[in-house]
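In the two assemblies presented below, subunit A is common to both, partnered first by subunit B and then by subunit C.
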Partner chain A sequence: MFEAGRFAMVRGRVLEPLMTLAVWGSALLVAGAFLWLVGDLLWHGAERLSWAFLSSSPLNAGRTGGIGPILVSTLLILGVAVAAAVPLGLATAVLLTEFLRPRSRFGRLVGLSLDVLAGVPSIVFGLFGNAFFSVFLGLGFSILSGGLTLACMVLPILIRTAEASLRAVPDDWRLGSAALGLSRTAALRHILLPAASSGLVAGLLLGVGRAMAETAALIFTSGYVDRMPSSLFDSGRALSVHIYDLSMNVAGGDGNAYASALVLIGLLILINGTALYLAEHWLNRRIIAP
Partner chain B sequence: MTQTLDRHSGCSPSIDAGTYTVGPLQSGPPCCVPEPLIRVTNLSVSYGDHPALKDVTLDIYKGCITALIGPSGCGKTSFLSALNRLTDMIPGCRVEGGIRIGGQDILAPRLDVSALRREVGMIFQKPNPFPLPIRRNIEMPLREHGMKKRADLDETLERVLTDVGLWAEVKDRLDKPALALSGGQQQRLCIARALALAPSVLLMDEPCSALDPIASGIVEDMIAQLRGRYTVVIVTHNLAQAKRIANYAAFFWLRERGGTLVEFGHCRQIFEAPAHDLTAAYVSGMRG
Partner chain C sequence: MPRLSLNRYLSALSVMLLVATTASIPQAAERKLVLTGSSTLAPLVAEIGKRFEQENPGVRVDVQSGGSSRGIADARSGLADIGLVSRALKPDEQDLKSFTIALDGITLIVHKDNPVQTLTDPQIVDIYTGKITRWRAVGGADRPITVVNKAEGRSTLELFLHHFQLKSGDITAHVVIGENQQGIKTVAGNTSAIGYVSIGTAEYEVSQGVPIKLLPMAGVDASVENVRNGRFPLARPLNLVTKAESEGLVRQFIDFSRSERVHDLVEAQYFVPLAH
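Coming up: the complex of A and B.
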């Protein structure tokens, strides 16, 4: 007894500081890597950043000029992806949580396919999108093809987060609304979806973030064209594709690549920050607190 | 509060609900002729192949308070849930036997379950107001069931909140979240929400057991006032409470294969002259 106690004490004296060091060390490493990245981007790209850069067209294969049309294409591609993925994702999550029995065979099949899809490399989505949307459906290299491909890619994240947030809504409210004779649709509309909304929005923003950072899935679907798109059927170059192209294929494109990357990171931070803020403050507060 | 309830009372005028709030009740229904509203015959409830309740036959009298007592796990909640078909919500749950409410077979497969649940309200053990403002908690179900006129909604809101003694407490903060209310207030709000749909039966599953003693007392008095206006079936582990408010009592017990009804009778008879040894042991606090 006594010996064991003493051993525990010694171990505590040695292990405790070690653990603390390891934990803090890892956290600092992660934060440090992120800061290094942002610092590097700022160092190389900040001076080029200006309103003119954000709004003008790229010149000389992107070495000079701005990223105006590229931002527009990026937003259009994201818009298509969100418009396609949100209704589908929400409907699937609702089916999984509210209509299928827990552990039903079909539910498990859907879950399994989602988990497999979530692990598929994005280049595979790109090739699939090219074969299906561009070639089979005849959409060619277009913002529509790219957006729909991205929608397929983020669907698993979207469905899984929506499913988790719906499952987190207490059953009390489901039983309570059923006991009042309310239909499932009414319960969903008035109670379950609003109660899950912070999770739903956070999941959506995570999905958008992932979509925005995507390159491989877009190269073969929305293409390279850096002109201002005039419709969804035009090809449009996404920000990430632009960065890739500048740094890999264009000699002397580094400066603008850095500046574009800075814009992309800025947008990602904005989106993730919004997701965090919404999840923590606004939506919950609106529902729960006085 | 008595008066508010009387205002809407459809029951025999000889009853003054106020006199029944405290103290043991006279045996026998306090109002109307003892007319069974709910007739349960050979009811069995099972979850998968696990029987929860076996072969219960029991009449529930109109306008009276019937208390269901018995140890945990003997199928009281399952019994209540069968009465408003909430058992439909539970995958794998099977209900066999007969339940007639006002002569209508409510286990019929083609029954309008939504209409049944409006007629047979339910209050849960844990207060479950919706994460909405107080007003919307009451109005949302009403609107969903077709009440659209502002004046009707306002009238119902004030009436049911007054009936549960909540109006004075919340009338100035109707648009504040219901979840900010205290536990007792939340439970009364849930009762008001059920009353708003003008049910004739109220099922209450241990409505006071999640509340502190004072809030519990308030809710109990309020339930006692419902007598005559509504047919109340209440599950309670608080035997003193059952004794105070119920007209009838049903004692359930857990047998090897699921719960069963051991004894049903006037409340006073169950507590003072139980016919069955198990009942006698349970009510004298030797078990359970």
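Coming up: the complex of A and C.
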């Protein structure tokens, strides 16, 4: 008895701090990796950042000049992707959660194909997008081709997260709204979607994040042209393609590659922040005071 | 989705469609050249394209990257007006016409701290086929050799194999890379590595203090000058290729790309302009 008690005491004295150390250590390691990355980018790229860099055109294959047209193309591609993927993804998720019985055969088939799609490497989406949107539909190398390819790529993430967050809404709410005589559409619009909003936004952010970081799916669809796009049918180079080209293909392009990467990360943080703010202040309020 | 955001979404979509349709109308009147292919050539040709656009208002030059094999395929299928191919055409590609716009030399590079000053051709072959695996066998330190090779389908790989009479399957590589810069960065970060890259970019990186060393080939120093005068044994032409006899705008662009008016652009991308 005495031995066992002492062992427990020693274990408490040694193991507890060790666990604390491990937990804190892991968290610090993750944060440290991110800070190191951002620090490295700031160190190499911050001095080049300026309004002129953000607004002017690239010169000498991107070694000098800015990223104005590339920034515009990136945002347009992202806009097309979100505009196409969000309604499709939301509708599919609503079908899966609200209209199909759980474990229905069709539902499981859709779920399976989504999981397979989510695991497909992005270069495959790039080649598919090139064959389907650029060649078969005749959209050529264009922002539209690139955006639609990205939409296909982020759909699985979007649907899966939207589905999960809709399923997390308690069934009592559905029953309650039915008891109050709300139609299914009204219940969806006023109760279920607002209640699931933070999950929906999180899914959207995951999708946008993946889309912004995409290179392989875009080089064959939206292309390489670094001119300011004048329509969605123009080819436009995305930021990630620009960074890849500058660091891997253009001797002396590293400086501007760092600065462009900094802009990309800044843009991601900005989009994340905006989306989270919207989710908190705009969608949630609708439940409390519809 | 709440009503407000649905409306916003629809209006944003309609604005985008409106912009897309209205903005695309005037372009029908523009003349457009599409060029696709070699990622090595793409930055140079994009710069040539910009100057060509300035001198010929109403013309648009769209350059797409993707590799020499793609340049061949797109020129054949008509998807591109001109293909970009960073090597000479092969015997089974003689249905295409090629126009050289610049030269590019390829040489072997090692880390600056590697004491090896030169390698003979048989030594290079033995290193790349795995018969020599330690630097000591060729006069270096007692360290294993890290062989850096190019990925399948890269023109530099094909040129290298052809020059040393090797087959792709003979090579035992430890690192397989894609673009030029990746090769330079790999060797700069590994004192035991050996790789082969474009001479122009390697010379530039050395001048920037990147710790790499260019090895001479068959006794000829690896320099842009020796590529220009034809003495360096391992060089490749950078080509524009077309399917048929070129005419009109395509012809005009090819002539422009081969003229002295783009020499500064060729040199700015660390390639070797044609002698005129």
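Here, the second predicted complex is superposed on the first by the 266 of 290 C-alpha atoms of A that agree within 3 Å, B and C clash if a C-alpha of one lies under 4 Å from a C-alpha of the other, contacts with A are read in each partner's own complex, and residues count from 1 in each chain.
Here, contacts are C-beta pairs under 8 Å (C-beta built on N, C-alpha and C of every residue); 3 or more make two chains touch, one makes a residue touch a chain.
Treat the numbers as computed from the prediction; the structure is a model and nothing was measured.
Visitor: Determine, for the superposed arrangement built on subunit A, whether subunit B and subunit C clash or fit.
Guide: When both complexes are placed onto subunit A, subunit B and subunit C end up side by side without any clash.
Visitor: Looking at A:G25, would you say it contacts subunit B, subunit C, both, or neither? Reply first, second, both or neither.
Guide: Touch partners of A:G25: none, neither subunit B nor subunit C.
Visitor: Kindly classify A:S183 by the partners it touches after superposition: subunit B alone (first), subunit C alone (second), both, or neither?
Guide: It touches subunit B, and subunit C stays clear.
Visitor: Which partner does A:G39 contact after superposing on A: first (subunit B), second (subunit C), both, neither?
Guide: Neither partner.
Visitor: As a test of reading the superposition: which chain, subunit B or subunit C, is in touch with more residues of subunit A?
Guide: C
Visitor: Would you sort A:G266 into first (subunit B), second (subunit C), both or neither based on which partner it touches?
Guide: In the superposed model, A:G266 contacts neither subunit B nor subunit C.
Visitor: Thinking of the overlay built on chain A, is A:S235 touched by subunit B (first), by subunit C (second), by both, or by neither?
Guide: second
Visitor: For A:P194, decide between first (touching subunit B), second (touching subunit C), both and neither.
Guide: both
Visitor: Examine A:P102 and indicate which partner it touches, taking first as subunit B and second as subunit C; both and neither are also allowed.
Guide: It touches subunit B, and subunit C stays clear.
Visitor: With the C-alpha centre of subunit A at the apex, what angle separates the C-alpha centres of subunit B and subunit C, reported to the nearest 10°?
Guide: An angle of 160 degrees, rounded.
Visitor: With the two structures laid over each other on chain A, which partner does A:R174 touch: subunit B (first), subunit C (second), both, or neither?
Guide: A:R174 sits against subunit B, while subunit C stays out of touch.
Visitor: Mind working out whether A:P121 is in touch with subunit B, subunit C, both or neither, as first, second, both or neither?
Guide: The answer is neither, since A:P121 touches no partner chain.
Visitor: What is the minimum C-alpha distance, in Å, between subunit B and subunit C after the two complexes are superposed on chain A?
Guide: Minimum C-alpha separation, subunit B to subunit C, in the superposed model is 13 Å.
Visitor: Does any part of subunit A touch subunit B in one structure and subunit C in the other, and if so which residues?
Guide: After superposing on chain A, subunit A residues 190, 194 contact both subunit B and subunit C.
Visitor: Under the definition above, what is the set of subunit A residues touching subunit C in their complex?
Guide: Against subunit C, the touching part of subunit A is residues 60-62, 79-80, 83, 86-87, 90, 135, 141, 144, 189-190, 193-194, 219-220, 223-227, 230-233, 235, 245, 247-253, 283, 286.
Visitor: Show which residues of subunit A lie in contact with subunit B when the two form their complex.
Guide: Against subunit B, the touching part of subunit A is residues 101-102, 170, 172-183, 186, 190-191, 194-195, 287-290.
Visitor: Touching subunit A in the complex: which residues of subunit C?
Guide: Residues in contact with subunit A: 1-3, 9, 12-13, 16, 19-20, 23-24, 27, 34, 39-40, 42-44, 46-47, 60, 62-66, 79, 178-182, 184, 200-201, 204-205, 208, 268-270.
Visitor: Within the complex, which stretch of subunit B touches subunit A?
Guide: Residues 84, 86, 89, 91-92, 113-118, 121-122, 124, 126, 128, 130-132, 140-141, 144-145, 176-177, 179-180, 190, 193-194, 197.
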